[in-house]
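Here come two complexes built around chain A, the first alongside chain B, the second alongside chain C.
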Partner chain A sequence: MSQVKGKVLKHAGQTRLMHWIHLICFVILGITGLGFYFKIITIDYIFGGIGNASVVHRWLGVVFTVGPLLYILTNFGRFSRFIDTISTFTKDDFKWLKTMGGYIPGLKGEVPPQDKYNAGQKLLGWLVIICCFLFFVTGFPMWLWRHAMPPQLLGLCYDIHFWDAVIAILAVAGHFFLAAIHPKSRVEFASMMTNGYVEAAVSAHHNEKWFATLQNDSELKA
Partner chain B sequence: MRAVEIIEITDNCKSCDHCSSICPTGAITGKLGQKHDINHQKCINCGQCLINCPFNAIQDLNQINKVKQALDDSQKYVVVQTAPAVRVALGEEFGLAPGTSVKGKMFAALRKLGFDQVYDTEFTADLTIMEEGTELIERILRQKGPLPQFTSCCPAWIKYAEDRYPKILPYISSAKSPQQMFGAVAKTYAAQKLNVKPADMYSVSVMPCTAKKYECDRPEMIASGYQDVDVVITTRELAQMIKTAGIDFLNLAEEEADRLIGSSTGAATIFGATGGVMEAALRTAYELLSGETLGKVDFHTVRGLKPVREATVNIPIKELGQTVPVNVGIVTGLKHVDSVIVDVLAGRSKYHFIEVMNCPGGCVNGGGQPIRHD
Partner chain C sequence: MNTFQEKTNLTRRQFLRGSGVLAATAILGGILAKFGFNVQARSQEYIAQRANGLYSLDERMTLRKSHENPEILQIYKEFLSPGGVTPLSEKAHHLLHTKYGDEIPELIAELKQHSHQAA
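Let's turn to the complex of A and B:
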């Protein structure tokens, strides 16, 4: 581990707010969605019956859509940099994937230096974007155009929406494990969920390339 | 009207709410996200919700066991009729392209299933045409009933009229539908000719329509003293019976319907498409009124798929010595019939004859047809 002192701001306030909103929406959307699909009446009762659970699911879907859109509009530069980062795959990223960043026992090898997000987080970023896009393009027609759509297309929307949810839930579960539970990386949890800072030493170790690019000392907190 | 549970929404309902927009009577209740239910008092049993359900979560009353029991009963003489729209859809259940006529194979399959007599509803579709055509003439020339005259073949339309517009009933033709005429003829004329007691005859009907299951069970349909049509199965159910029996349907040799009440004209064949009843009736009315044989039998103006269509046919009436324009209207889809009825009841209608069918495009798209989600 590096001997670097101090803290570094990794996640800005609006990013953290958007993450919180998306997280809360995702959890409730996931719970209600699974309740509908598997007809788990207990879940419906929590929300006051299946009719109300459906209303909650739909309107949280609106928040789930509008939240990130507002964030993008008000933080376009930050979002652009995020997209730029997760779109850039170097040899180091592929090497990271070969060793899975050292997270999986048995996969030996040197873990190469990483950007602000490691290769796994980059893939997750794209997966989340694609999953959200599929939720939007299937969810809103299921709600708003359910009477106008051909039945086969409506059925297809339901199938895509469900399998999209399965993939997203599994991905987010993995993300949660690595960010909140795994001893090597759980410092990320406090950063994203509280004040946005991580120990500079941790950042220098896990995000060496990004850390090296930090020019503005004001981002370092003593 | 009686509330008979022909159509049911099963527990597989995904609560997508698509069906509530399909239902022409608002009989389906339930919010988006809630399992839907059917108000059977309001339901006209058309089955359009069933064939349009994205998840196959809606079912009709399965009658296969009743047919099998009758076929297994040595005391029963089982006759079957098949509607025109069945033969062009049954093949889809066996991988053939939509619209492929499997008439000959269907008759062969029905015999293999054990039916004693295999007939064609086209025979009584012709009778319906004669009845409706003659009735129209009587209404036009001798004022024996109000005008316009509505067709009476579609049982979903009849229940809709009974439930919503009882004042329109005198305008509807008094002729039974081809299915019910067949049932009556089978248990009277045919039973006599075949030397079978009506009590021992079991009359099965294969229809593209789930509302026919309701129609056959109407208490007034007992012309022979017995229920004229004992049971109705759909095109889907017939396909299921053929498959269950292990019949190699595609390789069956073509056969004909039994002759006694199995022959028909081309007019009967077009009954299953929207405008078909109208066109067939016009052919009859034209010939009866003019005393001339039609050289060209097609009335193209009444064909098409627009929900409401109209045409004027000039018919030379021999009795009057003049040509009279007959205005006809065709409605396909009951969501489009309300304004037509309102005009009739207000005395504003320009029509003499109106064909109404519930299912879009006619019986070929009935609720008993193969379900296609391609």
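Let's turn to the complex of A and C:
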């Protein structure tokens, strides 16, 4: 591992704020949503009864949509760099996928150098974008046009919304495991959840290609 | 402390990809929203037409109020409340009101009894 000293600002303040807002909304939306689907009445009671749980779900859906949208519009540069990173797939990314970055026991092999996000994180990025889009385009019609849509179409929205939730919850569970629990990668947790920094040595090792493009503040000041 | 940061400039490629994804999402979302608004408008139109239809059918009827319908008045006078018109008379209540919920088994028993009597 590289012995470079210092810290890297990986996630800016607004990014962390948006991530927190989206996370909290997602958890509560997921809990209330599964409560509706499986008719778990206790969950509804926690949110003040069936009607209120539904109101909470819908209005948190609004925050869940408007939060990232505001972030994208006010941080267009950051958003564009993110999209650029996750839409760049090189040989190194495919090699990463073959070895799954060394995270799966038994899958051995050399892990190639990665960008700011490794190939797995890039795929998760797309999955989150697609899942959120599907939540928006099914959730709002289920709320606002439920009496206008043909019942079959409304039913289709419900089905897509539910299976979208299943996929998103499983993906986010994996994301949580790798970012917060797995000993090799849990340093990421403190970075996104608290001050945005990671150790330079960790970054130089896990995100070698990205690290090479960074600028050193002390050089800037000099 | 020795700190490192991302460069804040935006390359042409980054800009194009960022705006591309945003535009594609907006267009796809816009098309779906347009479709939804059309469905909503069509549904409102249908509701308005249906309401108009019901009102105009109603307006064309000669008898528009049940309590002024001579046949109904006659049924009351001759059968439901002999000698006068008394809505909610005991017989009217018994014969004209529906039963539901817990009252259903009792109703079934009563109907069975009638059919035995008729037989």
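Criterion: the second predicted complex is superposed on the first by the 216 of 222 C-alpha atoms of A that agree within 3 Å, B and C clash if a C-alpha of one lies under 4 Å from a C-alpha of the other, contacts with A are read in each partner's own complex, and residues count from 1 in each chain.
Basically, a residue touches a chain if its C-beta (ideal position, glycine included) is under 8 Å from a C-beta of that chain, and two chains touch if they have at least 3 such contacts.
Just so it is clear, the model here is predicted, and its values are computed rather than measured.
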Clash-or-fit label for the pair chain B, chain C on chain A: clash
First, second, both or neither for A:182, with chain B first and chain C second: neither
Partner chain(s) touched by A:57 [first = chain B, second = chain C, both, neither]: first
First, second, both or neither for A:209, with chain B first and chain C second: neither
Touched partner set for A:155, first chain B, second chain C, both or neither: first
Most chain A residues touched (candidates chain B, chain C): C
Touching partner for A:147 - first (chain B), second (chain C), both, neither: both
First (chain B), second (chain C), both or neither touched by A:36: first
Partner chain in contact with A:98 - chain B first, chain C second, else both or neither: neither
Region of chain B that runs into chain C when the structures are aligned on their shared chain, from 76-84, 166-174, 256-264 or 274-282: 166-174
Shared contact residues on chain A - chain B and chain C: 147-149
Interfacial residue positions of chain C with respect to chain A in the complex: 1-8, 10-11, 13-15, 17-22, 25, 28-29, 32, 36, 39-40, 42-44
Residues of chain A touching chain B in the complex: 36, 39, 50-51, 53-55, 57-58, 142-143, 146-149, 151-152, 154-155, 158
Interfacial residue positions of chain B with respect to chain A in the complex: 11, 14-18, 20-21, 31-35, 52-55, 373-374
For the chain A and chain C complex, residues of the former touching the latter: 5-9, 72, 76-77, 79-84, 87, 129, 133, 136-137, 141, 144-145, 147-150, 153, 197, 200, 203, 211, 213-218
